[in-house]
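Got a structure for you, questions after.
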Amino acid sequence: MLLEVKDLNTHYGPSHVLQGVHLEIAEGELVALLGRNGMGKSTTLKSIMGLVKPTSGSIRLDGSEIAGLPPFKVARAGIGYVPEERRIFPGLSVLDNLLLGVKGGRMADPNDPNAWTVERIFHHFPKLKERTHQHGGLLSGGEQQMLAIGRSLMGNPRLLLVDEPSEGLSPIMVQEVRNVLADINRAGVSVLLVEHNLKVALSLASRVYLMSKACVGCQASAEEVKTNAGLRAKYLEA
Amino acid sequence: MKRSSVGFLSVFLAFVVGSVVLFNSPAVFAAKPEKNVKAIKPVASFDVKKMADMSDFDPSNPITPSGDTIKIAVVAAFSGPSAYNGQIYYAMVQWVAHDINKRGGILVDGKKKLIEVIKADHQSKVDQCKKVTERMALQEKVHFFWGTDGSHFMKIINDTARKYKIIAINATCMSDDLQNATNFSPYAFHATFSTEMVARGMAYYYGQIRKKEKKFYILNQDYAFGRQFAEDFKKGLQEYHPQAQLVGEDFHKLFLTDYAPYLTKIQASGAEVIFTGDWLPDAGNLLKQARQMGIMLPFANVYVDEPNYLNETGVEGTKGLTNISAYYDSTPFFKTKEHIQMYTTWKQQQAKWKELPYSSIAFQHFTANAAAWVMTTYWAMSVLERAGSTDPDKIIKVWENDSFEYINGKVVKMRSCDHKAIMDLGVTEYVPPEQQKVSMNIEPFYWFKNASYTGPVYKVPAEKVLPWMDQNLDRCKGKNGWGE
Amino acid sequence: MNILETRNLQHSFGPLKVLFGVDLQIAQGERHAVIGPNGAGKTTLFNTITGTYRPTAGEVFFNGKNITGFPPYRLARIGVGRSFQITSTFANLTAFQNIRLAILAKDGIRFNLFRKVDQMKKISQETDEMLQRINLYEDRHTKASALSYGKSRALEISMALATDPELVLLDEFAAGMSKEETQDAVALIRRLTEGKTVVLIEHDMDVVFSLADRITVLHYGKILATGKPEDIRNNQDVKDAYLGDLEV
Amino acid sequence: MKNNLSVKIILWIAGLILLTGLPHVIGIYYTNMVVAFAIFSVFALSLNMLLGFTGLLSFGHAMFFGMGGYGTALALTHIPGLAVIPAVGIGAATAVLLALILSPLVVRVSGTAFAMLHLAFGQLLFVVALKLYKITGGEDGIGNFPMPGLFTESLSTSPVHFYYLAMIILGLCVWLMWFVTKTPFGQIQVGIRDNARRIDYLGYQVPQTKAVVYVLSAFFAGIAGSLYGLSHNLVSAEGSLGLWMSFYPIIATMIGGVGSFFGPILGVAVFQGIDELILRYTESTELVMGVILILVVMFLPAGLMGFISSLMLRLKSRSCKNQS
Amino acid sequence: MYISQAMHGIAYGMILFLIASGLNIIFGMMGILNMAHAAFFMLAGYFCYTVVGITGNFWLGLLIAPVLTACLGVLMERILIRRSHAAGHFGELILTMGVASVIVALIKKIWGTESLPLRVPDILQGMVSIAGMNYPIYRLFVIGLALGVLALMMLLLYRTRLGKIVRAAVSDRDMVNALGININLVFMFVFGVGTWMAGLAGVVIAPLLTVFPGLADQVGMDAFIVVVTGGLGSLAGAFIVAIIFGLLNSFGVQFVSQFAPVLMVAFMALVLAFRPNGLFGAKDR
């Protein structure tokens, strides 16, 4: 297993947000995390990333414990994070935004075909190339989403945590983002996806975790969710 | 400019410079004794022969007696921007206390008592001053207040002194209004010179003795003292130097950072002398920045005499400053054996002080304002001794009309009606080390190697600079300047 | 007559246009749900109606009166209340104190400096009644920040209702609630909004279809459809855009 | 319940007797200290009205303190025979007037901007007070203004009489401020601190409410300043309007605890105690003060009150456990 | 004369800017109003005095003193500030006030209370003639140095990766952290740079004034006013306001000398009355 989350508990002040979350992601998988608003999907990603300190539980990346590490160490261990609302650095140019994603300022070996370079990002996101020197804050929502994904990829992560990538995007953009995620996954990056848009999520994911009442209720295949209306009604229709 | 006029000008300049050098040389003017002036006869004097062995005195580690003592509270800033002042005052008073304590103290109320000096930090804040003086009065039950830098603080000291019947020795604060009709307190003694004396003395020097410069610029600190000082100088100029012209007048805020704008203005005004009452650190910064800007005008001053600053500004920069202190009498300085003894005792002792600030050159010589503070303190203690009691009323009775001779021969008299000191003043001109032998007549014949310092001293007789008297003060109604 | 009407309501955040002219008609006494995908502009619609933002263009009418750009406090005083998607109670006050602030507002007690609030019997009584109605009486002395999620949501909703508004806008009141909590909340709203007009944004289709008399579907800042629940359920456009080809 | 009430009454009476007899027991010096303590407590409480109860941090609260002092001092100087209470009233009114003038400007902002705006106005007033020396006495301040008699003697010569006067006025102020927190208005105030948006949506006008709090706070600061001037028979720019006077109540409040009503009083007590003690043992007031500030922030972030209440909680929970 | 008044204004403004910019960088990045800034500034003056005392070389002082100050700044960030987040920005404010107080006390213990002289280095002494007037070289040097520091800061912020990280962290520190960048290290660095600039200002001003324990009070308040008026966190704001203040000061003295000190504060009050966050301040933080 690439990532193993066991019995993860997280509190925000007095409220117990994550109550024993279990997750597993294998190398190369794209797994979706679904559930209603307020179920703790984003908190799960943040807890894995170290942005929120979990109260207890274990998070193992490739067998080594990363729970409780500061975010930068988690990132260096090989996890990329594409947050909700993208969180592009508005004052920095597109190129600078991308370059900040490079870990420790060391560019990847250009001869390594699997390494993510600026050229490779631009190849995947030609729109970004046109805007290389524009400020991040001036991009449209879709472009910002591309940039956020590209920025994380620059760190050559093995696992990408993607939070609500389609939120607030036009249908065409949603389609594009969906395709990019599929591409990236095909290129060997594992992805844990939180997504509201069922269509997008189910078309991408091989497996689905359903969250409700702040813990992982059940695991299902994408097929199951598509076909089982009861399941959807219980966990998703929100 | 035409060639011929350049030639003329250079001849003219040579003449002017030559005559300045000639007439400036101390031999010509030095200490011509004034005739027909009233001399003050001393009732008591400081006797150096009675002075105890001071070889164990160190102001950083004073020996403080306790128990039934005579208590003096030195009210000054011991923290904040003027903390240095407090340390100077403290050392000076401690010297006196140490000396007298080693002699066995003073016989008061039938018992020999030692002197205990207590630091009272007013932190340069009036409210704190009020608080600390109240504590000194009520908790420490002191017999004397000794103060201080800043007229606003002295006013509070005097108020508290009046309220709790404590003698307030004003040894350093110059404001005239401290003892006017509204502020007069029978418990307060203004034992040092005052603004009007200094300002008029300076005007007298420039108008009646030196008679050269005519264009004056006043630059003072922007508060009551500074403004009063400026007014008094203008009055003095009218009186003693009618040809003088005031080319400008400015007041800067206390603890100013940048003096350049004022200095540029002064430069443009064509002033020949800058009259300033600034005290440290403002005084030093003003001088320093003026010289950095190439403005070599002389400062007529009271407090631009701190050796650390002078050294820093160098011989050239400090040349030509004119200073009035409450100590100077005449040149040369060391005319008597006793004076030399006092001076060398101090100097040898100071060489042993290892801790700042007392180890710095500022304390090297027993002279100028610092010496005056020591002498004033001896005076007060002499009064106490003669009163034979810490009862303030007895002390008042002795001090009124009393006169006291300093170690250097200067005599100071306490005007009885408003408790202000009458004295001759000495205006000195700062000269480079090689010319300092006029004033410094013992080895090594200069005060400081790296700075100009006291050269010839010109005496301004007491009757020309009698301290201002408020005729509205009942006690003084109808009396002349001598309080008689 | 319509209690709330928006005419060609538009709003942009800088260059980003969120509302493209929304015409909403809410009839007196109805419960009206606004649904739509995330980012469709539902919350922005609420915010422009309730005075958080001033609309870039268009107008809002309440009981026929133009209230465009009214600040929240004026809206509150004429009878428009709202709840928030993210719980927005007074975290350091107890449940009792929270509700009491709303009751005080209802009674117009604003600058009373002369009586202890604890001694205002009527206010305390009303507050307790309200707390009982929302089943928070037991927790009346618990700080809002220490309430369980469901209870703090209930408090959030009742804050909006305790001022006794004519029209109340509820922003995703059931967000993050469990099934039972949601059912309780729906019942609560039914109870409390008797005779009031309610506009709600909601994702939970069960809630929407069980509570709403009419539904408006918002899609990328425009109204896609408005109608009775059955009509919406069967509307092909809505299916395509929002409900998806998943069978509902 | 009845029992409780009688205990309360007994405590009150005991407290009153203690306060009445105090000056005769502890002497003038400590009596003056108690007066100063009471004055600064009211001042700190008035700041906490803004900070702790409305969430507004002011870097210029000395403005109102100073206005109170100057108002009273000027009134006593220029109006012959003015009695004490009207003089204090004039001081407070001056502070209120300033608050009324400033309020339209300052209620619009909060947070850092509010703090800085007050820093600016506070400094402006300070510099102006120095400049208008013909009125304010400049650096010297206004001193030795006539002190009106309260009973028979002039106040200045009778610290005990002044003590009674000051304690009555200040006690009344503390009670009033405490009372305000208990009124509906006090509740709205706390609501603004917690969640100004919700207050707005409930139908309260946030700026107006802030303005009223602001003026009230200025009123009490003004009274404190006025009595401070009277107690010293001196009002000065540095001592009443200086930057330190703005920071003093902030730091005292911080040490005592921002959230609670009585925190600032505790803070002032600690402050005054330290001030009195430090000076006896060391000259390094700055060092001790600095170290204390650092320690409080590092180890008691909620102030002494917060520390005490958490201690009480712990004790309570322990005793509960013991019982079960 | 007016030209030299303008130059004085600019020179003084530059000194204010040097102090203010350090304060600003720390606030802009970390949201901390460092009340100990002026104390660090003063401390550097003392360090420089000691270095010059030992080596006799002002330039060595200019090099070493700010670095020493920066080290202390970093230590303070590491030991005190990072561990006091629980107390919030308000607590940090009080904490730094405490640090300032301790620094002043220690200075008095170590160096005493008197004014310590520091001479202008020989090369920079004297006057230079420009545009028909004589102007002190040292003041030109101060202007030059401040401009140099401004340029250096601009380069650092806009041309280096570190600068980009810093700017990114201003808008979103968590995101920067999540990209694998050790944000704590960045903060320490920022604090170091901020105090370094305070130190530089302290060294530069020492020969104009003297090093004494009141130096922080004397200059600190003015610098603070500059930062607040310019807008907390805005380097450009600090620069422009510093120059405006310098000019207001020198021309104020020239024309309305009595009211020169009022001008600066009145300007601040006026600016803040209309723009509560300062001339170039970001909306509320």
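Each chain carries a letter (A, B, C, D and E) given by its place in the written order, and its residues are counted from 1.
Going forward, contacts are C-beta pairs under 8 Å (C-beta built on N, C-alpha and C of every residue); 3 or more make two chains touch, one makes a residue touch a chain.
Every value quoted in this text rests on a predicted model; they were computed, and no experiment measured them.
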Problem set entry | Each chain counted as touching chain C and chain E at once | A, D
Exercise. Can you list every chain in contact with both chain B and chain D?
Worked result: E
Seminar exercise, completed: Relative to chain D, the most remote chain by C-alpha centroid is chain A
For this session: Identify the chain pair with more contacting C-beta pairs: A-C or B-E.
Result: B-E
Seminar exercise, completed: Centre-most chain by CA centroid is E
Exercise. Once you find the CA centre of chain D and the CA centre of chain E, what distance in Å lies between them?
Worked result: 33
For this session: Between chain C and chain D, tell me the centre distance in angstrom, where each centre is the average of that chain's C-alpha atoms.
Result: 42
Seminar exercise, completed: Whole-angstrom distance, CA centroid of chain A to CA centroid of chain D, is 53
Exercise. By residue number and range, which residues of chain B touch two or more other chains?
Worked result: 79, 222, 253
Problem set entry | Junction residues of chain E - those touching two or more other chains | 108, 258, 261
For this session: Mind listing each pair of touching chains for me?
Result: A-C, A-E, B-D, B-E, C-D, D-E
Exercise. Given the complex with chain B, which residues does chain D contribute to the contact?
Worked result: 27-29, 32, 36, 130, 133, 137-141, 143-144, 157, 232-234, 236, 238-240, 242, 244, 279, 283, 285-286
Exercise. What does chain C use to touch chain D in their complex?
Worked result: 50, 52, 71-73, 75-77, 81-82, 88-93, 97, 100-102, 104-105, 109-118, 120, 123, 159-160, 163
Problem set entry | Sites on chain D touched by chain C in the complex | 179-180, 182-188, 190-191, 193-195, 197-206, 209, 212, 259
Exercise. Which chain A residues qualify as touching chain C in the complex?
Worked result: 13-15, 36-39, 140-141, 164, 167-170, 196-199, 212-213, 226, 229, 232-234, 237-238
Seminar exercise, completed: So, in the complex, the side of chain B touching chain D is made of residues 78-79, 119, 121, 124-128, 130-131, 134-135, 138-139, 150-152, 155-156, 159, 163, 182-183, 222-224, 227, 253-254
